[in-house]
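Both complexes below contain chain A, partnered by chain B and then by chain C.
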Partner chain A sequence: MSDAALLAHPARLRAANLARTLVCLGLLGVVVALLTLVFGRAGERIAVQMCVNVAAVVALGVFCGNTGTVSFGHGAFMAIGAYLSGILTMPASVQRSALPALPGFLAGHELSLWMALPVVALAGLVFAALSGAAIARLVGASAAIASLGLLIITHGVAVGAREITRGSQTFFGVPRVVDLPLAFGAAVAFIIVARAYRESAMGLFSRAARDDADAAAALGINPRRTRFVGWCLSGALCAVAGALYGHMLGAFSPASFYLSLVFAHIAMMIVGGMASVGGAVAGVIGVTLLQDGVRQFEGGGDLLGFALPAVFGLTTVALGLAILLVIWLRPMGLVGSFELGPGAGARIFDRITARTVPAASPPPVPDAILVAEGLSKSFAGVKAVVDMSFEAPTGRVTGLIGPNGAGKSTLVNLITRQYAADAGRTLLSGRDLGKISREAVARAGISRSFQNLRLFRGLTVYENVLVAALAAGHRGRDAAAVTLRELDAFDLGALAATRAEALPYGARKRLEVARSLVQDPAILLLDEPAAGMNPAETDDLADRLIRIRDTRGIGILLIDHDLRFVNRLSNWTVVMNRGTLIAQGRPEDVRADPAVIEAYIGRGRTAAAVAATEEETTPRQGVRQ
Partner chain B sequence: MTFRTLLLTTTSAMVLAGAAGAEDYVIGVMSAQSGYLAPYDGPAYAGFQFCIDKMNANGGLNGTHPVRTIVKDTRSDIAEGVKVVQEMIDDGAQFIVSSADADPTIAAAQITMADGIPTMTFAGTAPVLTQVGDHVFGSYPADNQQAAVLAAYAREQGFAKVYLVKSPDSAYTLGGPEYFGTAFEALGGTIVGTSNYSLNQPDFSAIVTTIKAAEPQPDVIVTWAWEPDFPAFIKALRGAGVATQVMGGDVLDTPTVRGLGDVVDGVMHTSGGFPDEGSAYAGFIAEFTAATGTTPDNNYYVNGCDIAHMIEQAVAAAGTTEPRAVAAAMAGIENGKGVMSDFTFKGTDRMPLREVVVARITGAGDKEFVLRATADPATLPRP
Partner chain C sequence: MDVILQQTINAISLGGVYAMLALGLAIVFSIVGLINFAHGDIMTFGGYGIFLSLAFGMAPVPALVVGIAAAVVMALTLERTAFRAMRGADVVTLLITSFAVSEILKVVFQNAISARPVPISLPAGWSGTYQVAGTTIGVVPTVSLVVAFTSLLGLSLVLRRTAIGMAMRAAAEDLEMLKLLGVRANRVVAIAFALSGLLAGIAAVIWTAQRGSVDPMMGFFPVLKAFIATVLGGLGSLGGAVLGGFVIGALEVLTQAFLPDSLSPYRDAIVLALVIAALLWRPDGLLPARSATRS
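The block that comes next holds the complex of A and B.
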């Protein structure tokens, strides 16, 4: 990618996001048009049901797709929406006979659907906020099971609240007002909202936390908050979708929103691809066309001169086979994990030349100092870090070395509060980091990279850096400008539109450092940034880090096994062994320290021998333990 | 290309389907051939189509109106049901036979209401399903009728204290015991306890323990539980040494329940009919078996056939196939002739008044006839 292309990337990304939204809408519009034009009223009804399902599945995907957690609880929101809208819109005469014991505050409103929907959305939002306060604390299978519990509880309450819902009996008299324009309009609105959320700052945070919660937290993103926001938006949308579903049916019962419906929607979402809005749309369309296509032949009849026997149940068999095939051939769904439509790097956007000027290198950071005081941590009785104290001021590269298992990474995790220290504290210019949240550590001025690469694999290179910039408080063009600055500084511009998981190893390492630096930290913790790099890549990285230290004045705490790399950069070296501090000082002094020699190569060797050994190993790029 | 082929072939099928004779009486059949309603809709549809075919062989309804059926699978999905009933109306359906449950029937009835198209459930027994409009009909003895007959029988046998086991998860499993309790109390009996269970609940030991500890002890236990809940319940009950008489709804009238052996010995249940030797019902079974190779083992087959007879008699009484006239004529039928039993719509809320059979299961897996009675409309528990 040329410089011009890199500078145009933010504009092209905006265009790509718009194009992807239009692709979703276009796909739905084309299928709806075909159904109605070719099949007339029958096709129109299929289209209405399909559009309502698109709304429901897209709403479901707002949470599931952006957090990676499958929810079974969204049937609860649909039930709330359907019953509430049904009660608010039901003719009073029908209400008196169908719901004679309805509480007075709910009775006799006779609202139009348009008046009822905002109330429904608000009710969904409130219910989502209440339930999300608990469910957003959970991840993975725990969250999925908790959402199933929510569905079961809501189902039980709906069955028990006979005065309001008629219990397990059919709730009827709901005006059937959902026609094609309304259903299609709702589906369009839901797609636009879901797409806008997905590409918003919160949507990016959510997808980053989905891909790696610890890395996101290290950037200052609160994974729990992203799940909560996604849950609330998804719940409110699902409640509206439930209202539309109820007004499409006209009559329903709690069972209408229970496991069968939930599983059908989840199946549609997974068939299409859970990670994207386009996947949800494609899943609903694919399943609808498959089922309604096969359904035409279930009852038998003639097909091109051949008499077909009646084979009922064919739709279920076809759907089951389709799900099996999709999971087998395309585990990420029909669409995969990227959105439908062209990405920012597509040639179709080459004509977009609007440039974003990269931000200038930030001014040197104010003087600050990271101080570890007596940090200790044990795991099941094993002492990983014991009474570690050292300092890492700005303007200096502090090397942290030690044999494998010395406790270096644990120490970094204690500083960034990924682990809670058993004893001791960490101060940044006198501010106790133990008294702020884990996510606030980044905002306090400490960024980090990880020993094992922890990129957001579902995001592009540009988005990986952009999300960190947004987390640091940059917005809009400013966020884009600082992102371009770091991509340029680490020669990642040509890869801006590439997905992180598709990068070569060295580029991934550079990307992780760039992601940390875009947050303008005072102290940068680099955990083995050169691991796995070849000598040229290592030298290149060292040059870049020296430049950054000199121009931005940040402090770097550098952990690496490559002693040549550490020695070249460090002004100060801290040595750990078996969790404890065994030496610290200027690199040349530390290298001659008998305790360090013993830790690295064993008892009985002399400093001279060590020096000789180091001379021999230097061409091989350091000592690996 | 594949999609285009699909569109073309589907269009062709639809055109062919719409090319039937214009003078036919068109009946749309919502039949769940898969899903939870399939065990009821499947036999009911088989019996219905069997008798419609017989009628068509003789010129159609009353020998004058050939019947064309439009049969669509709803997959027990209410949204699918809504869609197919609209399609059937588009295709000219003048009568809708809906699935054997209240939800799809009421959803369909709200659609057919505009044109007054008579809508009859295959075997839905919830009395409330006809509340939607004057064009909605039941076909099977309603839950409150079954419960009233069973309660009267229980009181006649001297039972005075009943324990109700019900599930709020469905109108049937909740309504049956509650109707029984209402009728039982009206006849001087007492409800000594109530327990709720969840559908597909695997363990009934807690409920059995509660029943054992009930004070005073019941002399009869009533539940409208179906499979697999009833087998689990009765095994737990008998396993705990509770020998109290158990009574249930018509859903116990299945070979599976009768095959449970000693634990169901003596269990009594309601039923829509009983194929006495030499009866029209027994004749239907023999005829159906000879024609299809399948022996009807539940009442849904014959009730499906009776729906055909109900439609035939309503069209005859109306003197026209105009939907509103047929619906009005159906509502006025008194002592209509059926195979399972006769039926009366006149004076009811369109859930037909029909005989209810009480039967007893034996340990050998047989079903014994106990009595046949019709509930008194004046004392029926209200929905």
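The block that comes next holds the complex of A and C.
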């Protein structure tokens, strides 16, 4: 993709998103059509089941795919949806005989399905909000197990609440109103909602937090909130899918929504690929066909002349083996970690030329000053930072240097609140950053890059910058325009459609700086931006940073131990060693300070080195404080 | 007074089983990042080991030993066949792998032995009671209490005092580093699985002695509780797993003893809801595992 194509990229990305949704819908449509045309009534039955499963698995994927956390709890939402919708739509006569002790407020509504579904969705949302308050606090395996706990709780309540659910007995009399048009329509609607959420600002935030929660928080994204929102939407959708499942079965029991269903749905999601909506659809199709194929042999049978014994649970074994094979051979699922269908860089979008004009360089930022006052931090007795005070105003590059282990990165983490300081505080133009949330630090005007690269691996170069622009409050075309500006400033245009994990090292480093800059910070903290770069790349980066300082007036706090690089850029240098401030001043003064030389070269050679520098720069001005 | 003493013993013996299972899960999790869903099936396999040994006419005590050995063998087999190929994969991938393995094993048990519970008849004297200061106390809860504590103490000695134990604790911090130091990682991981199998086997002995039967889902439900215990204690923390196990055991016995009858069907739900509420208060668990990530 040429740089000219960059300007058409936002339009191409929108087209690609639409195309990917259409690919999901088309895939499902083709399989459903084939099933009904080739296998008649039996095929239609399988197609209905497949469509309801697509709805359920896509709903599950809204949480799992965007947050990277497996949930076992969605069976709980499906149960709630199925029972609630069943009770609301049941004919009153059936209800009186099946559920004589039903509480009055639930009895005798006889709603149509269309009246019941909004109630079901609302109930799912409320239950999700309650359970999400706890589950969204957890990540990874802890969250998965807690969601399993939720499933067990709901199952226990469903078995116990006999007046409402008939306990573990069959709950019957639910109108069987789910036919193929309804099921297919529901699957289409769910796919569209899930695709729209995935590409929305909140969906992007969620995927950014999935790939790197700390980096997302440093951009002002609250990872917990993204999990909570995903959980709530997923819960409401799952409840509706559960209602459809109930109306498809007509009769069910709490066991219908317990581990075997959850296992089947998770298998579908993993086989297809958890990270995408297309994966969910492909997984449901593949697993449904496999299940129905294997089910033929469950009661014994004849395969190519061999008599097979009856094996109870053969479909479960087939599912288990399918999961194992997929995980071994294609860990990201059949579809992989990206959506099915063409990306924005694909050739079919070459004809889209609707250009987005990059935003003009923003006006210089208003004067501000970052002040650290007596910051201290120890880790289990090791004093990493001791009583550090310094200032970094806008319009100046402040160098922060010190030997390895001096506490530089810890200091940055204290300023951005990644660590809580033991003592001291950080002020931005008089505002105490310790009194706002960690995510609010970015919105207050401080962006940072990380020493070890922390890009959002699963997002493209364009999306990496776009997500930062959205987090900073830019919206729509404005967000696209500022994103293009930064990509252009860092020569990343040709790579806009490339995923971050496939970038060469130098480009990754530039992308991190571009990502921080798009937030239009007052103060930019760069933690070893030149580490690992060759001299040409380092010079190139220095040129770009000087330009940014001069045109935009941003204050840069530059951390590095490459003295040549820092000295070229900074107008003021702060030197740390063993967690404490040992000198600060103009770079040429600091370079001559004996304490600095000692920290860098060692005690034995200090005298000689001081003598040597004194010859070069006399008279020497001591700036040690 | 009677009731309190009896219930305390019940709570500690049930908590001991959960603690052993949770500790087995935590040892494996802390080293290879695997949340082993198949841990329950290891325990079930131990139960079937006891059943089969008794069915073939073995004396009760050797049969129990065979059961424990069966669980260890099962744990090692799973490690070698299913999990070693996946080493280094992320937590979710490993979790799903073990989930699939567990589902397959349950079907194998159903088809190879029986989908229904099979009886295990241990000598009648084992399930008797005895009197202490006028209080009637069951033999099985007392023995299981002693066994659980002995096992946990023994394991903590192994982990703290022996070379392999230290290697395992080091592996929990950084398996790659341990490899660079020349320790055979496969051996450390295998021993971790063997220990978790040993604990599951002992748990199987206690469980079958109390229930008197084995079915394909026998291990599944106590291990579900043990999962919750590991999260409550702090995932990856060994001490936390043991503490979480005892807390859940105690909560369960308490709710059983003091909950009104009308609420008794909701016992599990109430216990789990309490645990999830506790996670609101301490998301990292009661005794969080130490973790250090550099930015």
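As a working rule, the second predicted complex is superposed on the first by the 578 of 625 C-alpha atoms of A that agree within 3 Å, B and C clash if a C-alpha of one lies under 4 Å from a C-alpha of the other, contacts with A are read in each partner's own complex, and residues count from 1 in each chain.
Throughout what follows, a contact is a pair of C-beta atoms (placed from the backbone, for glycine too) under 8 Å apart; a residue touches a chain by one contact, two chains touch by 3 or more.
What you are looking at is a predicted structure, and each value in this text was computed from that prediction instead of being measured.
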A:Q451 touches, of chain B and chain C: first, second, both or neither? second
Partner chain(s) touched by A:S256 [first = chain B, second = chain C, both, neither]: first
First (chain B), second (chain C), both or neither touched by A:A344: neither
Which of chain B and chain C A:I145 touches, first, second, both or neither: second
Touching partner for A:R176 - first (chain B), second (chain C), both, neither: first
Partner chain in contact with A:G313 - chain B first, chain C second, else both or neither: both
Touched partner set for A:I270, first chain B, second chain C, both or neither: second
Which superposed partner A:N413 touches (first chain B, second chain C, both, neither): second
Touching partner for A:V159 - first (chain B), second (chain C), both, neither: both
Touching both chain B and chain C, residues of chain A: 159-160, 312-313, 316
Contact set on chain A toward chain C in their complex: 68-70, 131, 133-135, 137-138, 140-142, 144-146, 148-150, 152-154, 156-157, 159-161, 214, 263, 266-267, 270, 274, 311-314, 316-317, 319-321, 323-324, 327-328, 331, 409, 412-413, 418, 450-452, 454, 527
Chain B partner contacts - residues on chain A that touch it in the complex: 34, 38-39, 41-42, 45-46, 49, 97-98, 159-160, 167-170, 172-173, 176, 245, 248-253, 255-256, 260, 264, 289, 293, 295-299, 301-304, 310, 312-313, 315-316
Residue ranges of chain C in contact with chain A within the complex: 29, 35, 82, 85-86, 89, 91-93, 95-97, 99-101, 103-104, 106-107, 110-111, 115, 224, 227-228, 230-231, 235, 265-269, 272-273, 275-277, 279-280, 283, 285, 293-295
Complex contact set, residues of chain B against chain A: 3, 6-7, 9-14, 16-17, 31, 33-35, 71-73, 75-79, 82-83, 86-87, 90, 102-103, 106-107, 109-111, 126, 128-129, 131-132, 168-171, 174-175
